[in-house]
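In what follows, a single structure is set out as structure tokens and then discussed.
The chains carry the letters A, B, C and D, assigned in the order they are written, with residues numbered from 1 in each.
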Amino acid sequence: MTTPRPPEIPYSVTPRPDTGFTNAQLGMGLFLVADLMLFGGLLSSYVLLRVNAGVWPPDQHHPVAALGALKTGLLFLIVAATNAARHGKSSPPRPLFFWLTALAALAFLATTGAEYAKALSQGMAPGVNTYIGMFYALTAVHALHVLAGLVATLSIPILAVPLGKTDPLRLASRRSVTAMYWYFLTAVWFVIFAVLYLA
Amino acid sequence: MAARWMTQVAIGLALLVCAMSCHSGETLQTKPDEPAAPFVPGSSAITGTIKYDGAVPEFLKVPIDTSAVPDCAAHRTTPLYREDLVLGEGQALANVIVHITSGLPKRAYPVPTEPVELTQAGCQYAPHVFCIRVGQPLKVLNPEPMMHNVNANGKANSPFNMSMVSSVKEKSVEFDRPEFVVPFKCDVHPWMNAYCAVMDHPFFAVTGKDGKFTIANLDAGTYDIEAWHEALGVQKAKLQVAKDETKTIDFTFTKPSK
Amino acid sequence: MIHMPGLPFLASKDGATIDFSLLLIHLLMLAMLLAWGAVFVIILARFRRSRHPKAEYAGIKTRLAGWAEAGVVVAEAAMLVGISIPFWATRVNAVPGADQQPVEVRVVAQQYVWNVHYPGPDGKFGRTNALLVDDKAGNPVGLDRNDPAAKDDVIAVNQLHLPVNRPVIVHLTSKDVIHSFALPELRVKRDAIPGMTVDVPFTPTVTTAQFRNELKAEATRSYSEKPGGLADQLAAIDKRDYEIACAQMCGLAHYRMRGTLVVQTQDEFQKWLKEQSLRSSVVEETW
Amino acid sequence: MTSHSPSLPSKAERNPAAFSFRAALVSTDHKVIGILYGVTALTFLLTGFLIMMLMRWQLAYPGRALPGASALFGSNSARMPGGVMVPEFYYQLGAMHGTIMVFLAIVPLLVGAFGTYLVPLQLGAPNTAFPRLTRLGYWSYLAGGVVWLSSFALPGGAAQSGWTSYPPLSIIAGHGQTFWLIGMILIIVSSIAGAINMIVTIIQLRVIGLTYMRLPFFVWSQLVTAFLLLLAFPPLGAAGILQLMDRVVDTSFFLPSGLVVSGAALTANVGGQTIPRGGGSALLWQHLFWFLAHPEVYVLVLPAMGMVAEILANNARKPLWGYKSMVYGTIFLGVMSMLVWAHHMFLTGMGTVITAFFQATTMIVSIPSIIVLTALLASLWGGAIRFNTPMLFALAFLPMFGIGGLTGLPLGLAVTDIHLHDTYYVIDHFHYIVVCGTLSAIFGGIYYWFPKVTGRAMNERLGRIHFWSSLVLLNCIFMPMFIQGMAGVSRRLYDGGLSYAHAQPVLKLNVFITHAAFALALAQIPFIVNLLWSLRRGPRVEANPWQATTLEWAAASPPLAQGNFETPPVAHRGPCEYSVPGKDKDYTPQWEQ
């Protein structure tokens, strides 16, 4: 059975004049609002647990702020690389910077893994106290987001760049949407970094 | 198009598999199975008497107030007493499990097929302390038209909490792994409790009101032996038994000072 | 005063406000439903196609709908500001002070019983510790008998005894999961949440004996209508107690987590407390 | 595949009833996925209904063997030994009835089936904005449902801590709860994907001329609903992640210190050490849960209002009265519904100020509902009302939703909530809205849009039998529950109150309710027969059989498989221009010049 060509969805790459957005931009914006609520839920849980707790953090064990700072740096690198990938409105973005972004994201995940391994080796399993539990919950959910961003970023040079040769607009749209996502993750990370590592 | 769809399904499946494996990880640990020689009953034995040394506490004279749960009162003809200390003639101590903890040769000890029975008559578990073999059926009886729930909070064995509604007269369960001990509790009748030791060998005994125990069919050898009481703790001994010998060892429990 | 139909017997001081509010709001609801329903039926009858074949584009012109809406809003606001908010304030803030000589009692819920802890004659609750909890040894609240204040404390299971016409404060908490402490006849309901203790104030006004007498009088009154079995009915009422119900799903025996409340005269209550105090000191010997 | 004559070569393409299963599996067309949602959700609706009937038997005849249950479950089953239900199975059924009905049946019907199918058509769009996201939403929803249903087969059975899954009970529960959480997370993913798609579709894919104030009210209701889903579900997702961690990696986010469960202190094995659990808060879950679950109640009713508005206007043959006030009211409702969650928690020991705030917001949130209900009633004034099956169901929605809404008042006022909290009154209030109200609207919607989806009409006589019997029986089921609630009978009692003396006077109502519920099952047979029969044999209809005005009726019936419309329509006017003065016919479609 041959499937007929699916219909063209309007405003996939060009912004709708009266709203000023493409579908993808609006969709990503909404997704980030939802994501903000997700992190908001986690962070308000953090606040409530912290307010209820007598001592916070409950003992001397504390995640290494240096690793947190390294992760912050990596996110900056990601944002910079994503921005650098932009290459004018009508020409396709430069693949090199996508590879760079992906590499930084990978390093971010590796750092997180190293952090977990170190914590676990010191007996800092999630169940030790609610502070440690929150540390795992927040960083793991954030790391999963980074993983998703890594996949999305890699899909551009691997799957979409060949496509971009014929459709630079679509590719530019992809880049801009991915960039929105990375900005958001970086912003959320600041909060997580502040409450977990510097608190 | 199809490829993308497949990816989505694969991610979904992977999630499912993760969920399943998280779940089964707790229950399906494989046991190391080396072929063990068949069991031939030996001719040595260990026997003894367990005693309690100390003042008899006041509470043994005061029955439990069952009026909190009125349906029990209707089914009891005799008063109900606490069972965390049951004494016989001459301070003999009942409900002590004596069992061999090491020194046994690796053998395929046959598991009895006849079930161990645990009854809940009169809102009381009987027996209060008992042993069962891995894989041996435990038949839980509910002779009166009452609702109980059997809450067995094992650590090695997966815990279960099953209701026995009044129409259900018996239920059968088995334990998968050795465990010392699995506490039993009825949440509806807060005083109802029992202890079950799940054994992987047949060398154990539970004392009755005479405080006596016998562990028979042993081969000659050196054994670690342990006597366990739910409230008075554990006593251990090491002893050597020769062929055809019956060795006697007594234990005396005292109230733990705290 | 007219009573809200269908409510259980009322046996507490504060319950009257609840009953009155229930009546008031249900009258309001009924009025709204009837008025709305009447308009609805009239419209359906009047504007059915067979009678009114040509619809009017413009539709209703009157401001009646707006007035009706405004009326509802005003009524709701009146209920809210006039009754509900002040009443809640009394409930929460007006926990009786020492001058009112309240009866204080701790209620510790667990799956599936209500443990009641009285301070005893010294009026002080003994120290409790979760590690000392021992159900089978009769120490379900983990009372530390080494604490001098604990020596005369009384622990009862599923049996709450209270004196009549004296303010009561129940210090409510839970050992395991969330329960809800409900006394339907006293219009008391509050969640028992582990990790939190909340104070539940109320004042019982009818003793259990009076309550049974009232029920008997009612049964005798309606006897002429329902033939047979008055003696059985009266015998059943003799066993009827105020009930402590669990109103929050707490596990498999939630449905039978039932305690009883006995409201007594002051003398009877003191006598009961003394008996229990003697008993407790013997039974609770933990290993 | 049915054989078809060569004169109708496009049948397979045009008639969704004839599409191949394989094609449906990979389809990204909103109509196909809408139908998949509809069929799946109706199946879950039936499942939830059967679960309810099992529970109702136990409530009416506690401890009596259910005829045939021994044969079905085996006489030695852990769930129904000898045909008698055990409490833990009752509580599994209770928890799963609630979650299945809310998350797998009603919301997917309203948003997944009607929303996905109709909104692009009503916008004149060729598809949703993100077709593959539509598909992801459906499959994620289905996976969540499968995980939930499969949990019944676990050794300890399915989740049994109520649909609200309050910790600590849910943390100390069996593996079913873990499956419940995983299923819930999948459904959250589905809902968020669907919500994003819906909002973008509505904002971006409106055809030329279709301004916001020309959107059909149904689209508005879907837009507000989508925002509620988008904002309310993620906090529940956060709560779900935390509860999953509590259960799987032994954290204690929802466990306060000092818990003693079954006579033993609650401990965890962390790194080989046994440490007591604690440090968390049991109420944290309630806040996160109700932050979702109260808006969820409006998710359960707004799209129904939207459908009712469409059907009422069409069959009264006149414009909606106060369209703008309805739109603004709905938006206001959406915003306010985010601020009322703690009225479910009055009895947790909240202080005066917080209680006053949540009582006030609760009273305020009732105002837009009253506005919408008044506007719908006023819309009928001056109409030429046709009483066909969809109209009957839509009309029934009004008083049923009215009763449901009114009974929310005594629950929203803290003073009266003390007596009614967690009694049958609450169950009843909720079911009057969702079953008597929303489900009526859904049935109305099915009868109304069936011709659009299949190109065939449903049988009117069977429809009327279905309507009248369902209406009477629903009220037979739910009216007595008010009496039980007023008597103070707690909900979630396995024996229906048998253990409690104060429940005795109203206990016999349980038998009546159960019989009515079983009769209600029989009353659905005409509907099922009608649905299946009309699918094949119903009389063929033209594109616009109801002489309606919104854009979905501009498309063929069924719409074109690819792109819906031959040429994208243009909207020239508001959504329900019926009986416009000076026009010769009594409806003026949006797409006509």
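Keep in mind that, in the parts below, contacts are C-beta pairs under 8 Å (C-beta built on N, C-alpha and C of every residue); 3 or more make two chains touch, one makes a residue touch a chain.
What you are looking at is a predicted structure, and each value in this text was computed from that prediction instead of being measured.
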Greatest Cα-centre separation from subunit D belongs to chain B
More Cb-Cb contact pairs, comparing A-D against B-C, go to A-D
Whole-angstrom distance, CA centroid of subunit A to CA centroid of subunit D, is 33
Dist(centroid_CA(subunit A), centroid_CA(subunit C)) in Å evaluates to 51
Distance in whole angstrom between the CA centres of subunit B and subunit C is 42
Multi-chain contacts in subunit A, i.e. residues touching at least two other chains, fall at 3
Among subunit B residues, those touching two or more other chains are 1, 147, 149, 161, 163, 185, 187, 190, 193
Residues in subunit D with touches to at least two other chains are numbered 86-88, 262-263, 281
All chain pairs satisfying the touch rule are A-D, B-C, B-D, C-D
Residue set of subunit C touching subunit D in the complex reads 4-8, 17-18, 21-22, 25-26, 28-29, 32-33, 36-37, 39-40, 43-44, 47-49, 52-60, 65, 68-69, 72-73, 76-77, 79-80, 83-85, 87-89, 92-93, 110-111, 130-131, 133-136, 142, 175-178, 180, 182, 184-185, 187-191, 193-196, 198, 240-241, 243, 245-256, 258
The residues of subunit D that touch subunit B in their complex are 25-26, 63, 65, 78, 81-82, 84-88, 132, 135-136, 139-140, 143, 147, 154-156, 175, 178-179, 182, 186, 248, 262-264
Residue set of subunit C touching subunit B in the complex reads 110-113, 135-138, 140, 156-159, 251-253, 256, 279, 282-285, 287
So, in the complex, the side of subunit D touching subunit C is made of residues 86-88, 91, 160-162, 166-169, 172, 256-263, 265-266, 278, 281-283, 316-319, 321, 347-349, 351-352, 355-356, 359-360, 363, 366-367, 370-371, 373-375, 377-387, 395, 398-399, 402-403, 406-407, 409-410, 413-416, 418-423, 482-483, 486-488, 490-495, 499-502, 578-581, 586
Subunit C partner, complex, touching residues on subunit B are 57-59, 62, 64-65, 67-69, 82-85, 147, 149, 161, 163, 185, 187-188, 190-193, 231-232, 255-256
